[in-house]
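Labels A, B, C and D are assigned to the chains in the order they are written; within every chain, residues are numbered from 1.
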């Protein structure tokens, strides 16, 4: 059974159909991509998956359980973590504090424990710090841990977001345009990082991306959508040669993004 | 500039935990010994300042930590005060036994108002809390058990180990101890998993939610703990005043407490204490300006929001 | 920045310590507790003025027990919390007695503070009936209490042949107290209260209430609260065509009511504590007050003046500044001849004989109802 | 009075009250619609409007008398002055806060409200002012139902102002710009619309409508007080929410609905007038929880 199964997903905003009858699946341990021209509804799909939007119809099964109509934080707790298209760091907090947020759903001390500083609370705090530092080390930002998040370079801020998502100990990581705004070298590092996350940590990855080079290099399965509906699916080669895909991209205004 | 370099050196010196503890101990010692050298009037004023410190620290959890604007905080304070007042004066319950009841009632009030409304956008929440504050006051005004518009009178003074708490000095120490406790609890909470969760939610609700933090639950926590502070303060307020009436729990009272939180600096414990003292000392020290008090506070609040939104107390130093 | 603020606060504390720490060893020290700031500051300052005028007169004619009287003012701000601070301030200054008390709500919690210190307190204006129960025995109310006002009101209604009465208050301790007592008394006499309503402070539109009142056809409407919203009610009642009797309580005894309500107020009755204008004995008081403060005394000036004179008289009769002796002397007061009338006390330390008068609005002025 | 009379009288009362609420609610809604700011100070602008009107009327009463001509003149002046005050407030207090967190901007609005009401309190010494005019008590006497000419004129002028506003927003270029900014500020900037100027215009119009209501209230009720903006501010906010905050026809409808609700609400037996505010606040809270978009508001994207 696939880790993530989406079937007949539908979403509309005040009459406008944003996603229609979308079905796809992500297998355990793979890297999958969701692509499509601007405004095709990719981020909307992410928002449905992570519980930020409530779809009108369809099914989303994650790890064998339906996550439809679940609150975003419960979905994260179930093992699906995401990054945002526009950076959404906690700007005025330190890098380490940012990453610690990921551990929130894996720990449980409440107000009483915090006030009394019980033994279990102190152990938990130590665990939160060590896991967060591991995650930072994984993305190569451990030295920067005490800096304010918004003083970091753009590319580093992205990596903080990744570390933060990794700290939630996800089974599936959703990356929303991870390469946006990165230069050539940074993109190369990014590809290594994506592969390392899958290979070293065993985390399944689903990404949305405009950069076709990157998509083609890392993804084992690609789903192409346009106007909220699936137009093609398959490996990089299959998709690249699909006439519907070419038409969708060339017919769209930002065809220059492609290939 | 000489001034700023001195300030930096002071804050450098303050950085190690040890030095900060020294300062705190000295301050606590001074606060403990003050009653020996001042008269009743000054004592009464300082007692009031500690009382507002507790309230402001409680509201600070809601406004400063969780970033929720609560314009009806006096309601929680009222619930605590009335619960104790009614139980002691109408049912003859021992004061100390009323505290857990009063605190539970105010926490329950926090749950009732917070539960359904914390989903709302922040500006709606402000109005809802305002309305809730007024509703509590009007209920207190209209019920028989709360003594109607003239309130409850003749609330008994409590005793502890055979000592009746009746003199100003007794209440000074009661409120000082409560304020220290409030600081301690606030401090521990601020640096905990929950404290960080409040900060995450305040900075970016969606990102916090995506990180697996249930924003409604976290906000509700802030609300209920804030209400608890108000409830405790209310219990002791009732026995100190021996009489309570709905006029104490108006919208202006809520605004006053909010002012204390904003003046010193939202979310910062020393700032909030300074804010609370400023509230209480200002009308006593500048008596001639008494009727302009709220105008001056309003202007100061405006200036603070525009030029120094972090409040009077300096921002925590971070390595850049 | 911080150090400056800390300094400012420290200087402030020190300054207040110094001010209150000074002694007036050879004098008799009397505390004045009135609101000199806040919403009721006007009334409070008037009382303070009147008390100081009385003190001057006493000192000019030799003081008490051969000593001068000095006063110290505690501002209660018409707020219970500020009032306890003010009372503590007066107690720490070792006053031998206190005169004042305007807002009942603020006066209430101070009774116990003065009581614990054994300090006699002449309550000049505050007259909620709640004060009677809370009195530890050291406070003396020289303003007629709510009970007396109710008696005056009920007597007027009976005299005017009223059968059905509507009562409106403002939801605060003072006006609710008066409204409730009137209702109890009126229904106890076998009459009918057809409407009993509350108007929220500051709410301008009372048209719904007016319709409600009109539909119940009362013979009289009794407004027990303050002049500001009372004027609006009167105006809207008259505009809507209610032409029967309207009466207002002593909180509405202000020329402002007539100014705001305009000609709608013509013929409205008002129950009032004895204000200077209607006191035959107050001629000199008014003259001296105007000469000194360049304005006319307000509603509670005469009572505050009498309160101070009574306190001095009690000290003289006690023959010492011992607080217990003064309390005893106050209790034994027999027909003290004040400008507001003769003062004696009941066993509950309230005024034995009501000094309420009934006024009527004629041509934009309050007149004594004859 | 028969029941029918009561109903008719309360209908009239509710409509009059409702038109005041609507005028004030319009300002709330316009400002909220365009920059998503809950302007706590709006009720105080109503109060200041009343005082400015009073001041002008007492200055010119020697010239034009205190009848309709004088009142109209002072109303126009007050609308201009308070409109300007609204723009100044926006420039000083709100423009620097546009990118600040919501909490800060709400507290700023609260501070502005405190400064306005306590400033007027300091000037007037907290006293009530009698707003006396030469208007009589004459009116339409329909048996037991009575509507004074003053009431009639006020309702008609309130409706006129609202119609003018509606036409302005829907028929002029400025109105179109306002509606566009409400939808997407950044896009408008790209299209070359002077966004700041349009926002200032919105503040001007909203504030001057509040001032008009303030002067009308002064004329109608005959007294002014520094605290009078608080209650009406809350009521108008409720009206705006009932109608759907951000919607101009919604504010008008909400004002009327609230006016009628209050007028008939007090007539319900067994529920004393002392509970009235519990019901209006309770209604507001329930509405915000269950139907935050109001009667005419647009539904936002559903989010969990």
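In this section, contacts are C-beta pairs under 8 Å (C-beta built on N, C-alpha and C of every residue); 3 or more make two chains touch, one makes a residue touch a chain.
Every value quoted in this text rests on a predicted model; they were computed, and no experiment measured them.
Contact with both chain A and chain D is made by B. Chain centres here are means of the Cα atoms, and by that rule the chain farthest away from chain B is A. Closest to the middle of the protein, by Cα centroid, lies chain B. Between B-C and C-D, more contacting C-beta pairs join the chains of B-C. Here the spacing of chain B and chain D, counted between their Cα centres, is 34 Å.
Work out the mean CA point of chain C and of chain D, and you get 37 Å between them.
Mean C-alpha position of chain A lies 71 Å from that of chain C. Of all residues in chain A, those that touch two or more other chains are 52, 71-72.
Among the residues of chain C, those touching two or more other chains are numbered 41, 171. Residue positions of chain D touching 2 or more other chains, listed in rising order: 125-126, 230, 272, 274, 277. Here chain B touches chain A in the complex through residues 184-185, 188-189, 192-197, 199-200, 203-204, 206-215, 221, 225, 318-320, going by the rule given at the top.
Of all the residues in chain B, the ones that touch chain D in their complex are 63, 67-69, 71, 116-117, 120-124, 126-128, 130-132, 134-135, 138-139, 141-142, 202, 251, 255, 258, 262, 266, 291-292, 294-295, 297-299, 301-302, 305-306, 309. Chain contact summary for the complex, chain D toward chain B: residues 36-38, 92-93, 96-97, 100-104, 106-108, 110-115, 118-119, 121-122, 125-126, 230, 234, 237, 272, 274-275, 277-278, 281-282, 284-285, 288-289, 292. Of all the residues in chain A, the ones that touch chain B in their complex are 50, 52, 71-74, 76-77, 81-82, 84, 88-94, 97, 100-102, 104-107, 109-111, 113-115, 117, 121, 124-125, 128, 146-148, 151, 164-165, 168. Taken in their complex, chain B has these residues touching chain C: 3, 6-7, 10, 38-45, 48, 138, 141-142, 148-151, 153-154, 166-168, 240-245, 247-248, 274, 277-278, 281, 283-287, 290-291, 293, 312-314.
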